[in-house]
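Chain naming follows the written order as A, B, C and D, and within any one chain the residues start at number 1.
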Amino acid sequence: MGLLSLFVFSPIVGLVLISLLSNNSSPKIVQRYALIGGFIPLIVSWIVYFIYQRNNRLAENFSWFSYETDSRTLVIDYELELNGFRLALLLLTTLIVTLSILASVKDIKKNPKLFYQWLFILELGMLGVFASDNMFLFFFFFELTLIPMFFLIGKWGHVEREETAYKYLIYNGLGSAVLLIAIVAVFIQAGNANFEAVKDYMSTMDDQAYQIGVIVAFLVAFGVKLPIVPLHSWMVNVHVYAPPAVVMIHAGVLLKIGAYGLLQFGAGMFPETFPLLAVTLAVLGLINLLYGAFLALIQDDLRKVFAYASVSHMGIILLGIAGMNTAGYQGAIFQTISHGLISALLFYLVGVLINRTSTTNLEKLGGLWTTAPVLSGFFLAAALAGLGLPGMSGFVSEFMAFLGVFENLPVFGAIGIIGIILTAVYFLRAILNISFGKRKGKALDKMTDLRNLELLPAGVLLAFIILIGVYPDSLGQLLQITLETFVAGMGG
Amino acid sequence: MISFAWLIPLFPLLSFLVLILSGKKLKTVSGYLASLLTGISFIFTLGVIADLRSVTEYEATWTWLTIGTTDIQAGVWLNPLNGLMLFIVSFVSLLVHIYSLGYMGENDRRATYFAYLGLFTFAMLGLVMSPNLIQFYMFWELVGLGSFLLIGFYLYKESAKRAARKAFIMTRIGDAGLLVGLILIFWQTGSLSFTEIFQAVEQNEFAPGMVTLTAILLFIGAVGKSGQFPLHTWLPDAMEGPTPVSALIHAATMVAAGVYLVAAAYPLFLASEWALMIVAVIGAFTAIFAATIGLVQDDLKRVLAYSTVSQLGYMMLALGAGGYVAGMFHLTTHAFFKALLFLAAGSVILALRKQNIKEIAGEGRHLAITKWGFLAGTLAISGFPLLSGSFSKEAIFAALLEDGQYGLLGVALLTAFLTSVYMFRLYFMVFHGKGADKPPKSVPVSMKIPVIILAALAVISGFFATGFADWLAAEQEYAVLHHSPTWLIFLATLLSLGGIVFAYFIYVRKQMDREEWKTTFSSTYTILYHKYFIDEFYQNTIIYSTRAISYLMYYTERYVVETIAAFAAGMVKEIGKTGSRLQNGRVQTYGTVALLGLAVIVLIFVVRGGYF
Amino acid sequence: MDLETLLSFKWSIMAPEFTILITGVIVSLQDLFYGNKRLSSWLSILGVLLAIAFLSTQYQHESVSILYDTYIFDEVTFFFKIILLTGTLLILLMTSPSWDEETERVRGDFHYLLLAALLGGMIVVSSGDVITLYAGLELLSISSYIMVGIRKYNRNANEGAMKYIITGSLASAVTLFGLSYIYGLTGTTNLFDISREMSAIDTQLEPLAILGFVITFVGLTFKISTVPFHMWTPDVYQGASTPVAAFLSVVSKAAGFILIARMLIIAFTAEPGLEQGTVYEYGVGLIAVLAALTMIVGNTVALRQRNMKRLFAYSSIAHAGYLLIPLAALTSFSLETIWFYLLAYMLMNIGAFAVLHVLIQNHANEDMSIFSGLYHRSPVLTVMMTIFLASLAGIPGTAGFIGKFNIFLGALSADPARYVLAGIMVATTVISYVYYFNILVQMYSRPAEKHANLQVPAITWVTVGFCTLGTVLFGIFPNLPLQFFNW
Amino acid sequence: MSSVPAQGYLILALILFCIGLFGALTKRNTIIVLISIELMLNAVNLNLVAFSKYGINPNMTGQVFSLFSITIAAAEAAVGIAILLSLYRNRRTVHIDEMDTLKH
């Protein structure tokens, strides 16, 4: 058992810790232990980070199982390996899960023990997804996130929680079903599930139609997760009806699996064929970007605005990938991380708001700033980050994504710019509606501002957002090697 | 000193950070702290300018972001143009800080106010020192943020909320153009650094047509920021912000950033005749367009706002006609006299608590210093001989003449006449009349000092025209100051004085009844009063069509996407229902189904000749 | 055939069968003379354990065939017998005589019927001749009919048994009818001879051969309850007591599958005498269509079920559909795939049935609501049930997932690759998520109706624990069974 | 010796099978259903015996097979009647279409 495995399975500590508590323990105690459990992976992830920084390589490999056929052996090994991109996502995961535990303190009153148990299983799944260097292992952990998420939505969500949970289940189930078929199809050809091995095999393989077919399957599979319009409706529901602490994880990390998968499976395994899909991706990206933006404009629920904003932002990831060059990929990756941080922040704040006003309806809120300037300030900062204000991570990502797409597909880029303008419109509309203007809603009158420990998650997230925005190379340097491998194979 | 230039923007940033993080704890000292830090910044600026006389160009960069093999730098870049802007910004900002000490008085949120001012100053200073387009763009947006925050400072007002949002979005439309422009430039030249772009222009590395396209895209950015037609509508609305803010941001510095952008990227524009042409035409049109609106507006600050739009049009016109020095010189003088006008107007508003000039009706005459300050500004902007405005305007006319743009010259001259008419209309209506006689409450000293300093500058700065040209020429060979022939000077002076006299007869001597004018030219008046219905036009076209698209997508989502999903789910359920209905509990049905199934299968075998 | 030849056969290879036979006889005598139900139970468990012990000595034994190929022993029979024996053992463990009121009234005959059925299954697995195959199959069937109807005062049991026997007899008539044609065309009942004769068949008789194959195949699908012979399943499961339903869904089905697989692989995939390939190649389309229909029907109808036994019946129909895929896409590891899946299915399904049994006994009710609030009543049982359901749904980390993965691998590596079947399989799997998760929702999110403590007999824990362990272990370390299989 | 061709037996068996099938699927009385199933099995026996004489490779196996099938059919019928008896005790009916409480 190497360090990486220890890291991936470290949430089990929390799981066991929580399970050992008696059923009657007060929520406060459960939360305290959950927090301890959450800190363990967080700490380990930073240890891993420093070790990786020093060695520039961290991998683990055990043989797992294999199939003998007449002529050859199909091998599936247990392979974990880090690269910059994965490490960044892992750090993001541990951070957001920890913060989500902090955020859930006031939200989760019903059966907290079970909540945190699911949460740790979810974290385990997410860490595994990002650490595995192998399609099969990836899928293994990928599916593992399904059940916990189902319950986190279905048991602790709001109003239509169960419908949403089932919707989530069906859509994601179908997505991973397609993914499984594609993985198996690739695995049979390549005889090995390892990403590198598949890449090497594919570079010697001429059957382009097959490769495109597989890539399209991956696109559909991760398109559900990302989500790509028109596969997005589940995700809007999750944003609206899941508890905010869970949405932090969902929007912050889970959706990122889609982006990561698209890059790792598409660009990472088919560097030569993947660029053929540039236009398709660009079209999809544009649709996402504009569709989400236009819909976000007219929503009257804050959570829906943010949900469609997510759809829109995912369009930028797609556009970046469609650039099929370093800048575009880097933009997509940056957007992945950045959107993770920003949406976590937004939904943390939404959680705080719901906790105090029990509504997120834009019509019913207004003048928040007069009673809660700090909360409003954070809301504004998060919105500004979301709309791509320079100095925050969103801008760097958008800039690079557009930079990438403009090299080969300037027309798409130019149309996409409309999305950038609309982003500003809907974010400001939503945020100014709740925080500026005349005070509305009785709950606002005696509302308390963010204070003490509540400031921590928001502050930490904002700090990271600004760090990346001001000094993007802090993240960029981590990614250089990953990007080189993605781009290196691109011949034509 | 120059190697410490990077510190200049950091002091205001420090001010921002300290004040925003401390919340209300530092409320009482916030203004002094912010002013102090801005003052330090100003002192550094002076030091840097002193150095610039010998160094002329200085660049210090470090890697900000690596994209593949390309490193994008961040840093400071100093040359005469930057130095000039640096001076204007830090100077006006300092004055406005001092002025605000009085103006914001006991406002409960003044710590926030000064924090925002600090943020803005930081961004503006960073902007003018940017060595490359991306850093420029970043600060450009941050400047917009500062402006947005300050416009919306009175956040409980619905109108402030709307104005702030409008400002941000309108300028963002321009910014989008700028962003596209700079991305295209990057793919043309492989760099975003100004110097490298200029080299590429010189060596014709651009693809055909790209120079014009990129220049125009950059200009779109400038149009948004500088309130040029057709993206000007946010600027008058921006007057919802506190008046010192209007002076700093919406008169002297930020709105001039668009002009600065054109100037900073001037070699690019010079390489394309079309781009220059468009700059000139848009500038000229905006100048006269805004001036006509200014004639009939009743809000003190709005008239000044339209005047700003108009003057910015002048600057663009100058740049478009090759009058680089003229444009920048007008920017400089305008910064002084427009800041002066706004600060003076601020004193009036603070003292009288009203800003509709019909309601003021001359009440401003009791404020002596303000009145004289305002007069100085008005004379300067009207191009009264020997005041700063006359020099810079004359340089613009000369540049136009030199360039052979006679049509545009005509427009410019007409605008000069209109300018003096509406400015003196404003002056007369605010400071001459029979309004209430009770003396208003006096304004604090901190508000008087900046007015006095600026008034002095508005009067005398014109005499530095030649030195100014030499300063800029140290680096750029296109920095030439044009001199007008005597007849042009004479004509310009005549028009300026004519406007003053015209206004005097209408508004002071009341020779012609204003109401009569309104009725005679009622349709013209209506159009002008409603600012050519541009806002309404946007509302009915762009905004409505956007909403229409939104609803279209909303219904697509609701009826197409959801229906397909519901159909799939329904189909599954239907199959289940059928299967379950077949399961009727009678074993003979089961047998029949099985045997029928078998029969069907056998039949298929038989029909297909044994081939399945 | 003289005595010498008879003695020259290697009878020791049949030791497991003999053990079961003798145990069955002893149990029935015991029941007759003493009627000690508890003793019957222990004796049966002991007998099955002994049989397993005998069987395990045969690990890596070379292939043997005695009685002129009517009884064959090879690796396939070995592995499938493991499933049959272990499955029966687990079912025996899941019924607790001291506690199970229903079996109280019928005394000990349940045990020897179970053993007889097991014996039938084992003979099916081992036989190389159609006649013994048929005899074994009927032994299995007839014992099952009685077991379903064993609760003779229960109306549902009567009805279920009646339906079962009528459909079963119909099916066996159909099967026999098909077999009679195959016999007529080949003149032999030995599977290997059939294979040989089939390859030399007259072209004119080709349609008849295919007809014989189709009719036989459809008749045999009764045992594995695939479309169109699936409709008895829910009614019979509902009528039967839970352990019997578990037996039907696991052991009986496993026997049916090995029967079909054997016939297909030995008898019908021989080199072609026909113009266009083997009989199998003609019939493969049929199998594919049946697989698709079975998956669709099983999973969609299951969505509507509230009665837990019916739900699991439809689920078992669906799983039979998945299991047909390796047969529709024969590759070199089809048998391995089927075996692994049956192994996994045995673990997870018996586990689930064991939990179900506990709940049905506690509530005297079979509605889905018996699961409500289970998490608060018995977290451990809930976690185990979650694992079973996850495995049935094919969530990674469980044996069920690896089983499905194998099926995929086979379907897509076959020539031609069966993308459509694989697609239908994943799509219907997703549908199955809904009803499996319905149960999970009941367990975790619904308030408990009754807060009384659950009575779980200690011996049931053994079954549930073993199944959980196996499900997880084989899910995480699939190499263990896979390497075991490829000795 | 025989003038009846092999096809004759086969067709007779087919007809018998179909009659049995029809009876099994349509009759209300469970006894008759069971008898009809016997008829189907007998059709099979006829087939087997016919093939044993006139098949491609005539041999005794068919007759042996039919002996097995007769025996097993008897057992099946016995069990069927036993189950029917217990059903009758509980329900007082032998009508097969009344056994439909388990459905859907």
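Everything below uses one rule, namely that a contact is a pair of C-beta atoms (placed from the backbone, for glycine too) under 8 Å apart; a residue touches a chain by one contact, two chains touch by 3 or more.
Everything numeric here is computed off the predicted structure, so don't read it as measured data.
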Per CA centroids, the chain at the heart of the structure shown is A
Rounded to the nearest Å, the gap separating the Cα centres of subunit A and subunit D is 64
List the centre-to-centre spacing of subunit A and subunit B in whole Å, with centres computed as mean CA coordinates.
-> 36
Cα-centroid distance, subunit C relative to subunit D, in whole angstrom = 26
What is the distance, in whole Å, between the centres of subunit A and subunit C, each centre taken as the mean of its C-alpha atoms?
-> 43
At which residue positions does subunit A touch at least two other chains?
-> 170
What are the residues of subunit D that contact at least two other chains?
-> 21, 24, 33, 96, 99, 101-104
Note the residues in subunit B that touch 2 or more other chains, in rising order.
-> 580, 583, 585, 587, 591, 595
Set of all touching chain pairs, with the criterion as stated earlier = A-B, A-C, B-C, B-D, C-D
Sort out for me which residues of subunit B touch subunit A in the complex.
-> 20, 23, 63-68, 112, 134, 137-139, 141-142, 145, 152, 155-158, 160-161, 164-165, 168-169, 172-173, 176, 179-180, 183-184, 186-187, 546-547, 549-551, 553-554, 557, 560-562, 564-565, 569
Complex contacts: residues of subunit C adjacent to subunit D = 130-131, 134-135, 138, 141-142, 145-146, 149, 152-156, 158-163, 165-166, 168-170, 172-174, 176-177, 179-181, 183-189, 197, 205, 234-235, 238-239, 304-305, 310
Which of the residues in subunit B come into contact with subunit D in the complex?
-> 580-581, 583-588, 591-592, 595
Listed in rising order, the residues of subunit D that touch subunit B in the complex are 21, 24-26, 33, 96-97, 99-104
What does subunit C use to touch subunit B in their complex?
-> 162-163, 166-167, 170-171, 174, 206-207, 210-211, 214-215, 218, 222, 227-229, 231-232, 234-235, 276, 282-286, 296-297, 300-304, 431
